[in-house]
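Take a look at the structures below.
Common to both upcoming complexes is subunit A, partnered first by subunit B, then by subunit C.
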Partner chain A sequence: MRYDFTDYVLIVAGAVTRVAVYALLALPAALVVVLSFTSGETMDFPPAGFSMQWYQKAFESEPFMSALWTSTYVAVIVAIAALVIGFAAAFAINRFDFPGKGLLQALAFSPLIVPAVVLGIGLLYLFAWMNLIQTMFPLFAGHLVLAIPYVVRTVLASLTLHNRVLEEAAMNLRASPLRVVRRITLPLILPGLLSAAIFAFVTSFGNVTVSVFLTYGGNVTLPVQLFTYLDHSYNPLVAAVSSIMIFVTLAVILTIERLIGAETLS
Partner chain B sequence: MSKDFETSVRDPGDYVVELRSVSKLYGDAVAVADVSLGVGRGELVCLLGPSGCGKTTTLRMVAGFVEPTSGTVEINGQDMTHQPPYRRDTGMVFQSYALFPHMTVAENIAFGLENLNWTRADRDRRVSEMLNLVELPHLAGRLPSQLSGGQQQRIALARALAMRPAVLLLDEPFSNLDAQLRVRMREELRAVIRSVEVTTLFVTHDQEEALTMSDRIVVMNGGRIEQVGTPGDIYERPESPFVAKFIGWCSMLEGAVDPEGTFVSKLGLRLPGKWKAGPGSAVIRPEHIRLSPDGTAGHAREGRVVETHYYGGATRIILDINGEQLMMEERFPFGGHPKLGEKLNVTLKMDEIRVIGSP
Partner chain C sequence: MKRRTFLKLATATTMSTLAAPYVHAQEKKFAGITLRFGGWGGLYDETIQKYVAAPLEERTGLKVQITAGTQSADLVKLVANKENPPFDVYQADSAYMVEALKADLIQEVTEAEVPNIKRILPGFREYGEYGVPYSVFTYIPIYNSELVEQPLTTYTDLTRPDLEGRVALPAATFDTWSLYLLALAEENGGSISNMEPAYSLLEQAKSNILALAQSTVAMIQMFETKEASAGVISDARGHELRTKGHPIVSVYPPQGIYGATSYMNVVKNAKHPEAAFAFLDQMLSDEGMLGLPRALRLGVTTDVKLPDEIAKDLTFNTPERIALKKKVDWQKWMADRSARIERINKILRG
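And now, the complex of A and B:
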């Protein structure tokens, strides 16, 4: 294949754009991780030297550790609940024609359109009115609302690509509809389900805007705790806690991807 | 594998599948219109027709994937019209085979047996029995993606037959195979079906498949049944111009039979015979026309070569006789091919030519 001048321009421009985009995506996080290992007392770049002292402080900090625990179990429960509800919604939208289908679809995606702050304030008022504000319930509900659209989207895409003839074949082999879903549909869209779970987990785990309205003394999540802490102090402890968040998120994603990989290889 | 292509052996009272005035409408569009059909025990019946003729919809109504708009579907004497697929005693081989990609060959075959709550030992026994039947016992542990097209098809057949269904349904089972493999798989499939003596309903648009495999052929067109008969009936005694044209090659002449029984085409070609008087179409197959080099035989005529198509084993020639264009097939010695415009002497086998009366 021969290239002329415009091809070269496009290739170079493409490469430059890619590098710029990746750098902008990765640099802030990389910077935080690098600074978290500083031996100094300030968030200055370049770091004064290498030490794990801020990690030690982070793990010794009761507020941060209890917030990490809260964030993790909230995200896990939200991911599971969003997966169940989202799959049910996506399945209904994909398979059946029913009155109000358009409305359901619009509702399922509406949290993507409504600004998160608006959602947070709305949920705060709603749960205050329901007298549920001093419980975990608002946080679960708020994160669930945020996570469901991603799950519905991802699962719907999987279901659309899924080969329906296989389900007919299973039905022809005497499998009841429930059995078809369990033995054929779910195993075959498993990669989609797992990426949906990742979306849900990450959405919940990293959320500030909605959480800020819905947390109370006993259930502060890690991002909210970070925000509160930043109000009065600005030191590498913030970087260490942020890095822990990044590591937890990465660990979840990698574990799930490993699961998908193992499934498709076997 | 010889079979009698002229007669079908069946007891007319013993239908495994019976369709009664079945119709399917999608909105205003008619997919299947008033189809009535019985498939006898052990019979291999083929639904043949062009795409969109309703043959696949008919098959899917037997399997239960499509609910008829009207009419009834009976399997083994029981009304199954409104029963879901998983309550019907059918085994289907899909056009794409539809093997479950996440299960091994053995798991695929065992799937139906599991749903019928067979014990593990019984399932294993039947799976190896089925794998032996299709002569692929060494593939039990493979995934479908590791099989060739022909192997996938045989596994799909084994899976469909494992439950010993009352009726085997085949939806264009050869369309994904290349030409040579298709012929081989056709013979194998027929041998397997014969050996297990399963009643079979089979959909194809390929007339050769239908002629070689079926006990009876149901020719469909526009959602309706055009003709039902043995392969011999369908080929030799087509009841409509559509059937004559769809099955095998033929030249069709419009015209009328005069009171003496002679067919006279619109352009004046006379075919003396004993047909029933009235307007009609003469169906002349290539094999009804033979070369008559000396020109002395009974009804020898002269034809002018208009087109030639070389097929290797034979040459197809379009002859102009009295202005009518007729197709014939002949083997010419190398170097002896007729040229365009050349005159050939031919005779027509009047007793084999069929005239279909116009209604």
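And now, the complex of A and C:
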């Protein structure tokens, strides 16, 4: 294959763009992680030296650790619930024609088009009206509302792309619809389901805007704790806590990757 | 032992035995009660926990549950749950007090309920019987002495031509932080009802503005990276920059210093108003009052005696400095908020 000058320019431009995009995506997080190991008292770059003191302080901080626990268990429960609800919705949208299908689809994606602040205030008033505000339920429900669109979109794409021949063969062999879903559909779209679960987890784990309205009774999430901390203090503890958030998210993704393999997930 | 001595001793022992449970009950009169406090997070909450909540718990058995949040989100939570509020004590600065009062969320607090109110300095209680002021913060001009040759002495100095492209100011959406605008107006013959002098000065000195900070962190970073040579920031943050080794000088303009006050409020329909009063009283005690100055160098609102090493870092550390504290008509300031933001945006876009 012959390359002319234009091809070379495009190849180089493509490579430069890729590097720039990857750098832009990874550098902020990498910078935060690097700063979290500073031995200095300020978030100066380059760091003054290497130290784990800010991690020690982060792990000793009761507000941060209880917030980390709250964020983690809320995100895990939300990911599981969003997966169940999102799969059901995506399956219905993909497989069946029924009155109101367009409305269901629009509703499933609507949280994406409503600004998160407005959604947070709306949910606050809704749960206040239901007299449920002084429980953990609004936080779960708020995060669930945010996560469902991502799950529906991802699962819907998996369902649309996967070949239905195996499902039809199973049904020809008299497998019940539930058995077909359980033994054929779910295993075939497993990578999509797990990607959706990761989306849901990350959406819930990193949310501030909705959480700040729905937390109650000391159950503050880590991003809200971090956000309020920044209002009065600005030191490498912020970088250490942010890095812990990054590590937790990475741990979730890597665990899933170890369970099913990166190739399958991609 | 004589009969009389024996009777005296026996009576005293009996009385003590009978009175002990009562005294103990008085000491731990809030045992089993949890007070819900809307916190502001981080070091702020840690300080209140250490100097207010912990001593109070030891003395009265009261547990304090601090939920970190923002005053705007907490206000919305209270408005949405008026009958069953999620907090017993709500914190608000001078600007948010206007909103809290408008929404009828807080109750009056008098000296009868919180005896330490009598120790509040004159002029620090801006809303009559509403709100207990516990901390004061100012927004003053600061400059980097290595980068600015001629020292600043007033808010108006921020518009000097030699500071072109080097001044960092807050976004107009910050209600208390943008008090520098009122300062610009009043230093130049204007008033809260006539902000034109401030606007025309800003228009003329538009090229001085490096950026309008959307957060305190962004503002601090501009000074840390030396992008900004001068600006307006809270006195506590100016001190923080100095402790990090930056040559930042705080300016105390002789015409007046602008700032706001933080208040604690007992929420209407609070579950435990008595416990909330005790909490407020502990906040105003010497022990409670010295916590925030120690940790964050925030100003005090009572006649508490400040240790010298803290006093030297505070804005209002002498009667003369306190006399410079400008009174702000917060109702008017907040009523003009939208128009002010619109005007600033128009000036800076133009």
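Throughout what follows, the second predicted complex is superposed on the first by the 260 of 266 C-alpha atoms of A that agree within 3 Å, B and C clash if a C-alpha of one lies under 4 Å from a C-alpha of the other, contacts with A are read in each partner's own complex, and residues count from 1 in each chain.
Operating definition for what follows: contacts are C-beta pairs under 8 Å (C-beta built on N, C-alpha and C of every residue); 3 or more make two chains touch, one makes a residue touch a chain.
All values reported here derive from a predicted model rather than from experimental measurement.
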{"item": "Which superposed partner A:F227 touches (first subunit B, second subunit C, both, neither)", "value": "second"}
{"item": "Residue contacts on subunit A - larger count, subunit B or subunit C", "value": "C"}
{"item": "Partner chain(s) touched by A:G217 [first = subunit B, second = subunit C, both, neither]", "value": "second"}
{"item": "Touched partner set for A:T17, first subunit B, second subunit C, both or neither", "value": "neither"}
{"item": "Which of subunit B and subunit C A:E41 touches, first, second, both or neither", "value": "second"}
{"item": "Which of subunit B and subunit C A:S110 touches, first, second, both or neither", "value": "neither"}
{"item": "Partner chain(s) touched by A:T160 [first = subunit B, second = subunit C, both, neither]", "value": "neither"}
{"item": "Residues of subunit A at both interfaces, subunit B in one complex, subunit C in the other", "value": "none"}
{"item": "Residue ranges of subunit A touching subunit C (in the complex, touch as defined)", "value": "41-42, 44, 63, 121, 124-125, 128, 131, 133-134, 212-213, 215-220, 224-225, 227-234"}
{"item": "Interfacial residue positions of subunit A with respect to subunit B in the complex", "value": "163, 165-166, 168-177, 179, 183-184, 187-188"}
{"item": "Residue ranges of subunit C in contact with subunit A within the complex", "value": "36, 39-46, 65-70, 73, 76-77, 80-81, 84, 86, 215-217, 220, 224, 240, 244, 296"}
{"item": "Touching residues on subunit B, where the partner in the complex is subunit A", "value": "63-65, 84-87, 90-92, 94, 96, 98-102, 111-112, 115-116, 159-160, 163"}
